[in-house]
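Pasting in a structure now, in structure tokens, and then I'll have a few things to ask.
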Amino acid sequence: MLHLILFLFFGAICVAGAINLLVQSHPINSALSLIVVMASLAAEYLLLGAEFVAAVQVIVYAGAIMVLFVITIMLLNAGAEERTKGSRVAILIGIPGVVIGAVLVAWTLIGRSSTTQSVSIGALWGDPKSIARLLFRDFLLPFEVTSVLILIAIMGAVVLASRPKAVARGARKDA
Amino acid sequence: MVPLAYYLLLSGILFVCGVLGFLIKRNIITIFMSIELMLNGVNLSFVAFAAHWHALSGQVFVFFVMVVAAAEAAVGLAIIIAVYRTRETLNVDQVNLLKL
Amino acid sequence: MTPNPYLWLVPLLPLAGAAINGFFGRRSSKKAITTVALVFCGAAFAMALFLAAGFSSASAPYYCDVAHWLRSGSFQVDFSFYLDQLSLVMLLVVTGVGFLIHIYSVGYMWDDDGYYRFMSYMNLFMFFMLTLVLAKNYLVMFIGWEGVGLSSYLLIGYWFTKDSAAAAGKKAFIVNRIGDFGFLIALFLMIKHFGSLDFTRVFAAVQQQPTETAGAGLLTAIGLLLMVGAAGKSAQIPLYVWLPDAMEGPTPVSALIHAATMVTAGVYMVARSSVIFDRAPMALMVVAIIGTLTALFAATIGIAQTDIKKVLAYSTISQLGYMFMACGVGAFSAGIFHLMTHAFFKGLLFLAAGSVIHGVGGEQDMRKMGGLRLYMPWTFLTMGIATLAIAGIPPFAGFWSKDEILWKAFGASWVYWLIGVVTAFITSFYMFRLMYMTFGGDYRGAVVQEAHGHDAHGHDDHGHGHGEPHESPWVMLGPLVILAVLSVVGGFVGYGNRFEHFLAPVFQGATEVAQETSREAGDSTLEHLLMGVSISVAGLGWLLAYLLYSRRPQLPARIAASLGGLYRAVANKYYIDELYAVLFVKPLVDGSTTILWHGVDQEVIDATVNNSADAARHVSDTVRHMQSGNLRSYAGWVAAGGAVVIAYMVWMGVR
Amino acid sequence: MMMTAFSHSLPVLLAQVQTSMLPQGADYMRILPELVLSLFGMLVMVVDPLLDEESSHQSLGTIALIGTLVALASTFWMAQYPGTAFWNMVRVEGFSVFFHFLVIAIAAVVILTSYEYLAVQRIRAGEYYGLILFCTVGMCLMSSAIELVLIFIALEISSISTYVLAGFRRRDASSSESSLKYFLLGSFATAFFLYGVALMFGATGSTNIDAISHVLHSGNVPVLAYVATALMFVGLGFKVASAPFHVWTPDVYEGAPAPVVGLMSTGPKAAAFAVLLRVMFEANAPGRFWLIWVSAALSMTLGNLGALVQNNVKRLLAYSSIAHAGYLLAAFAAQPALGTSAAMFYTAAYAAMNVGAFAVVSHFANAGEKYVTLEDYAGLGRKSPVLAATFTFFLMSLIGIPITGGFFAKFYVLTAALHSNLVGLAIILVLNSAVGAYYYLRIIVMMYMREPRGEVPVTPVPTAAALAIAVCVLLTLYLGVLPGRVLDYASQSARQLVSDTAAPRASSGTPTTEP
Amino acid sequence: MGSVNMESLGPIILSLVTFIPAAGGLLILLIPRRDRDIKVFALVISVLAFVASLHLPVHLHRDPNPFKFEIDKIWITTPNIHYHMGIDGISVWLVVLTTFLTPLCVLISWTSIHERVKEFFILLLILETALIGVFTSLDLFLFYFFWEATLIPMALLIGMYGHGRRVYAAVKYFLFTIIGSMFMLAAILWLYAKTGSFDFVVIQNAIRSGSVPGFETASLWLFLGFFIAFAVKVPLFPLHTWLPDAHVEAPTAGSVLLAGVLLKMGTYGLLRFDVGLFPEQAHRNAPWIMVLALIGIIYGALVSLVQPNMKKLIAYSSVSHLGFVVLGIFSFTTAGLNGAVFVMLAHGVATGGLFMLAGILYERRHTYEIADFGGLATPMPKYATFFLVTVLASIGLPLLNGFIGEFLVLSGAFQARPIYGILAATGVIWSACYLLWMYQRIFFGKVTHEVNKALPDLNLREKAALWPIAVAALVMGVAPLVWLSAIDPAVQAALAPFTQLASKVVGQ
């Protein structure tokens, strides 16, 4: 029962945050809503007994990624978004599509016997040792490959975010 | 005891919110945030299924997804900065040089 | 059947002459050209005489297989030649008259620029005509058949810078082709049913068939189709229209091709196929009717023509009608007899007309002639003989053959005879009209003429700008004289049915029919009576012509005026050419242009293609607009697509 | 199944740790090309700051090229060690060797074509080549990974590097727009894919392809697996640019630098197709047939129709790549063994001709990608006969004229489709290739049948680009004249792949359920 | 050539003939851009190919197999593609026709092509190889390969060296044919999927023995798949509209090969593959195909009649003539088929000649409009003579080549269905109408345009190009047995299934 109450509580916060993200017109508000969502999700993870994930969620997501977002928003001095009417397709085709897809997925998620079984609160079966074993043995390769991914991200960020300077470098060969 | 389906439903709602955000938001950064929202929804699914199958690997996946999300965030925000430099706008409806 | 290894030489000799003159004539002297042309043509004539000398009815027919021509499965056609009594007669006529006309041409065409070309064409014509005559099967005959058409085309259009000549040549070829179409279908019928085109094999097969008295059958169909071909070549209704126009060619051509030889090929072909026609009475009747109608019809047009060659042309059509009438009533030998005599006197008439035209400097309008008997006595004399012959005045050649035909026609039906007699009257009238207008009275032409002032016939008398009419050189008069002699005596070969008997082996079946009819027709008294009638109508025609054109030359104009529309209709050849133009040519050209080309091709097919291309481009443009450039739209597509995919998969999973 | 290992008792676990805690040498051999590429990528990065920026283009490019060549060689070496590595993370087999070879070769040629482009466009070579090499690592892993999470990470590696590469012409608004669109939509699609992975994990309890295959083979497939397949298809369909997830392609291709388009229209696409093959065939995804059928038909039709009126050559080739994705997908609808081999051959042939075509385009586009409209190609046949002839050759291959690889590619797909009695799809394919002929022909017409426009300069083709084009011509020709060996290899590995599906390997430790 | 020599040549001669031109074309690539050298070289190569190809008919009878000079090597194992070539009495002459026309094309292009000469002759020679290949291939795949290979060189010839709306014409040509051939490809692949072979003989045997699964239901579609490809190429009404455009805009050599050989690919394909593989379907569908052929004959002729453009006129006349071929083929009679093959050859020579002649005129006056001429027989008598001979051959005058084929076709059609034969025979009249009318308008009358008065007559090179045409037209007309004796057995073999069919029908 407690489990259900906690789930519903954090779940409600989570959904509210998500909806707020959509409703807010200023990106900084959206970013803050997203942080709320993430925090409440961390709580949900704890309810599911995934304490490692919960911790990482707070550290990586809320701590690192969202900081990036906020900094970018600040950097670009992004204001409230304009209500331009750019896309009829997104509204007329996309949203109905999303609704239909969502209903169908929800229906499959609820209606199946395999998913109606309950999970117990904070089962805590994922001890750090097991996780480490997984991470550094079975998932060693993805783990290592992730370093390549991060390397790429760094390179990409450097290349793209740095100010292009070649314009000042004089005439091009072909010109 | 909470049925697994509740968690899945919550994750689905988050995912759909992300998709909707992508469709209706005009600010590129907010759109990007919507993607993060979708990933978060997926993460919840992973953890819930991990609990269901009693398989820790689901939690490890979440870890990887987060790393990917971080990498994406770095690159994505850099791209957004680059776009802002050339176009001076963050409104996605105005980023439409390439079309037809 | 006796092999004769020399037969193939006869047609080939003129071909060699044609080839030599054609390839080397441009750079040769006129003497050399003349020599080549005459030698090879003469050699053919000599060969023909040689063959005739060795000819014996007992061992006829002769044949000669030269080579295989084509083969397809079991069907085979060879280059093979064939000589029997019928082809012998034709052979002699063609080579003989042909040779004479060649000689005449030397004089007539000497000054023409394209002399070598002309001689080469003439030789080429001889080749094809002889191939036609000597063929042993229908397909080799068809070579000649088409070949003479080609030569005719070339020779009519000889003065190609003249638009009318070029058009006439084309018209001749195309109208002939219409006839050939019928001929071809007849050949296909033979191939289909008899498996061969060889005369002997076809006729042998035909003889197995019963006579189609009850109605139209295979043989009737073949006969009718052959008649279509014959009508094209021999200028019968309704395909006669090309022959008057063909007079655009040089006069020797008119004499040789459009009077003496080629146009009679149809008669020859019908006679050759007598076995078929015998068993197809209905086809035979059609032949007779067409012949009779043509004879009368063309004769009436002849009355009002003022162009000397046009008169002769319609006369030729009319006489050919006679021949078909003869064939139609089963009197093939009479037809061939008339063919022969006609070759003499009509050839002579044309040559003499040519001499006249030559003499007056290219003028062909008889209204501008007159009194030429004084200027060109030889021409007058020979042409007079020919006129007497064609008019059917005894004892000239034409009388015998025409009388034979009329007699046989009477045996079949008195209607044929009556029309024949009327035609004979008209013939006599317009021929003597021609004589009086040309030679009688005073010269009406412009005496002083510019040297090259007559554009219309500029080439005809190149370099002959004369002050006044003059007689032709002897190289031209010689053939006239010879032909005149033949026109006088030619009829006597038929005396006492000798000609008929000679040809009898060829027309075995046919002669029986003819004899039957003549027996039925009665005794010789009747024959003499009819003969008297025909002589008297000929005389009457002469008299009328004399009255109108010699005694009261102003009368014809008044009569013409009083007849009004009728006269104009006759003078304009009953507007048949115009009718054909309106009925066939114009609809064809306009229809092809507007309906088929612009209509179907461009408006329907191409437009369909282009429209579908446009439609594709249009759709493409629509597809392009999926790419609005808006990111959210793209996401919308992805989301919607995802929804569809999910929906499908859920359905698949639940199912 | 390895997941079940956790239910074992601790001592047993510890014992296992003793024996197999560390990867063996053979494990490294099985990812040798990836290692080589990563090392060279890092080498490029390290050398970059040491060099003067002017001169670095050549040397860095050469290092990268050597890297790819060494990687190609190491692929052969890798091929000697078939089997799984890193605890069922990757598997070396004919299939993965084929795609390794393919994507590395693509990378090599693209590097060659980039030499001139980078110099003219003043693009930072260090990051550029580094990203290409790392991207190749991702593509290689995509083809050999048999674990959905690794596939996801590899996919992200190749995607993120191409996102960045697309934006490399930073002074150009269209380039960054292209990058942005690619990035946002790519991430969007990746999220779908990931959700699919999550649901598949939920449905089968595993993310290992073999394990999934085994579960799905045992009958009674949960609906969740269907939905998972659908979501994964959305993600992968986006990557391979198949309709209706293709909308990003023209915009991104138009804006991205031409050599990069050459890369991303072939390499990541080929890798994505490899993943799709694994997911569809090896994992035996349920309910795929009509999904693929419709998507294939839609892709080729929309692609071809869209291309008809394009005036920008890059955009035109983008639509053409959508159409080709459709042709390729048609093979997926066929019987697994036939379809897989046909699809493999197609990716190879398509790579050869499309990289070649983009090599020509990127040379001709000149500085700032000025000359990319159809009109600019007018009279190229006169001004530069060889360049025009090679481009014509590639276009002929794209049309599917015999003696080119493109012909056999289409040919095998058609054969596979007809073999599987997909007459309808075959006819749609046939009609589409006919329509498609038109727009390729427009380029040929422009080059040969229009008068040249004076102001379009044609610079001489530098050696590197010439070499790249020559390699592409030769490969296209080779695939068009003697396709036998490649196809034999493809069908052999396809049979292997598919028979794996039919009877899950013993190494997965579970008894076979198939009769 | 000694018999020993012959033996050694046997297996490779076909490949030799096929690939000499292409090899020559590749060599031209290496020749520096000196136009004269290129032309001479191209001429030498094409003459060489012609001489080599003469070996084929001369030694044809020595080989007792149905397909002579057969060579069958594995090219690609999977799929089972063979390099299988061979000819019979039908294809041998089409090969010779190709090699015969190409040197003439080279000659006729000598001065009319003055820029991008190198490319021109390369394309021409490659085209020749592709054309020969179409006629020699016995492997369906190989056939398709050569079939498609003709497409690009021809489209480029039209598009690069043509005039006026050349691009439109080239694209139209390309699209029409490629859309058609795609259907054929699908049909070929279906056959491969079911029989596991591309080999013509193998597939034919498999079909005849009834061992192809699903053939009964598919045969109609297969037949149509092949038929569409061939019908476009022939071209059969209503798929013919690409032809006039292509011809009008094509350079002379292109037109000559297009009319002379390319169209025959369609009729040859109909005969060899459509009829050869699906006799029952061919038999069943013959009525409407013959109607289309008939429409083509008459319609082509009538439209031809009113064309103001010389080349367009000849082009439509091709539609008409090719209608005869199709009619002959689908009459399924010995005469019809013999005639059809013969018309192919005769049309190749005569119409090829007409296009050459038109090209000669174009070179002088840069127009094809008939109205721009008139009275040309005066300044150009030799030209007029050659033109007349060719026109007469085309009209089908006995003793010239057009007649033999037309006669046999009509006779065959008449045997099969009299009414068709009769309607088709009207073509005899039409051809005389349109060709003679054209001839009259171009050559007869007075010279109406001042420019035309000074037109030079044929020069030596042009005569060298035209003499072979004239001689061939005459020899084929006088001694058709040279050709027919080779064609006839092949035709009989092709007809074998139909006699069985016929007896089956009778038996019912």
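As written, the chain order gives the labels A, B, C, D and E, with residue 1 at the start of each chain.
One rule holds in what follows: contacts are C-beta pairs under 8 Å (C-beta built on N, C-alpha and C of every residue); 3 or more make two chains touch, one makes a residue touch a chain.
Bear in mind the structure is a predicted one, so any value in this text is a computation, not a measurement.
Chains making contact with chain D as well as with chain E: C.
Across B-C and B-D, the chain pair carrying more C-beta contacts is B-D. Relative to the C-alpha centre of chain A, the farthest chain centre belongs to C.
Comparing per-chain C-alpha centres with the mean over every protein C-alpha atom, the closest match is chain E.
Chain C and chain E have CA centres that are 37 Å apart.
Taking the mean of the C-alpha atoms as each chain's centre, chain A and chain B sit 4 Å apart.
Each chain gets one centre point, the mean of its Cα atoms, and the points for chain C and chain D are 79 Å apart.
Separation between the centroids of chain A and chain E, computed from CA atoms only, is 69 Å.
Across the assembly, chain C contributes residues 624, 627-633, 635-637, 639-642, 644, 646, 650, 653 that each touch 2 or more other chains. Contact of a single residue of chain D with at least two other chains is seen at positions 6, 149, 153, 156, 160, 163-164, 167, 170-171, 176, 179-181, 184, 188, 202, 222-224, 227, 250-251.
Annotation for chain A: residues 86-87, 90-91, 94-95, 98, 101, 104-105, 108-109, 115, 130, 138-139, 142, 146, 149, 152-153, 156, 158-160 touch two or more other chains. A list of each chain pair in contact follows: A-B, A-C, A-D, B-C, B-D, C-D, C-E, D-E.
Listing the residues of chain D that touch chain B in their complex gives 3, 6-7, 149, 152-153, 156, 160, 163-164, 167, 170-174, 176-181, 183-184, 187-188, 191, 194-195, 197-199, 201-202, 205-207, 250-252, 254-255.
Listed in rising order, the residues of chain C touching chain E in the complex are 67-75, 139, 142-143, 146-147, 150, 153, 157, 160-163, 165-167, 169-170, 173-174, 177-178, 180-181, 184-185, 187-189, 191-192, 588-589, 591-593, 596-597, 600-601, 604-606, 609. Here chain D touches chain A in the complex through residues 2, 6, 13, 17, 20-21, 23, 31, 38, 41-42, 45, 85-87, 89-90, 119-120, 122, 124, 127, 130-131, 134-135, 137-138, 141, 147, 149-150, 153-154, 156-157, 160-161, 163-164, 167-168, 170-171, 176, 179, 202, 222-224, 227, 366-367, 457, 459, going by the rule given at the top.
Against chain D, the residues of chain E that register as touching in their complex are 75-79, 116, 119, 144-146, 148-149, 151-152, 155-156, 159-160, 166-167, 170-171, 174-175, 178-179, 182-183, 185-186, 189-190, 192-193.
Per the touch definition, chain B reaches chain A in the complex via residues 1-10, 12-14, 16-21, 23-27, 29-30, 32-34, 36-37, 40, 43-44, 47-48, 50-52, 54, 56-57, 59-60, 62-64, 66-75, 77-82, 84-85, 90-94, 96.
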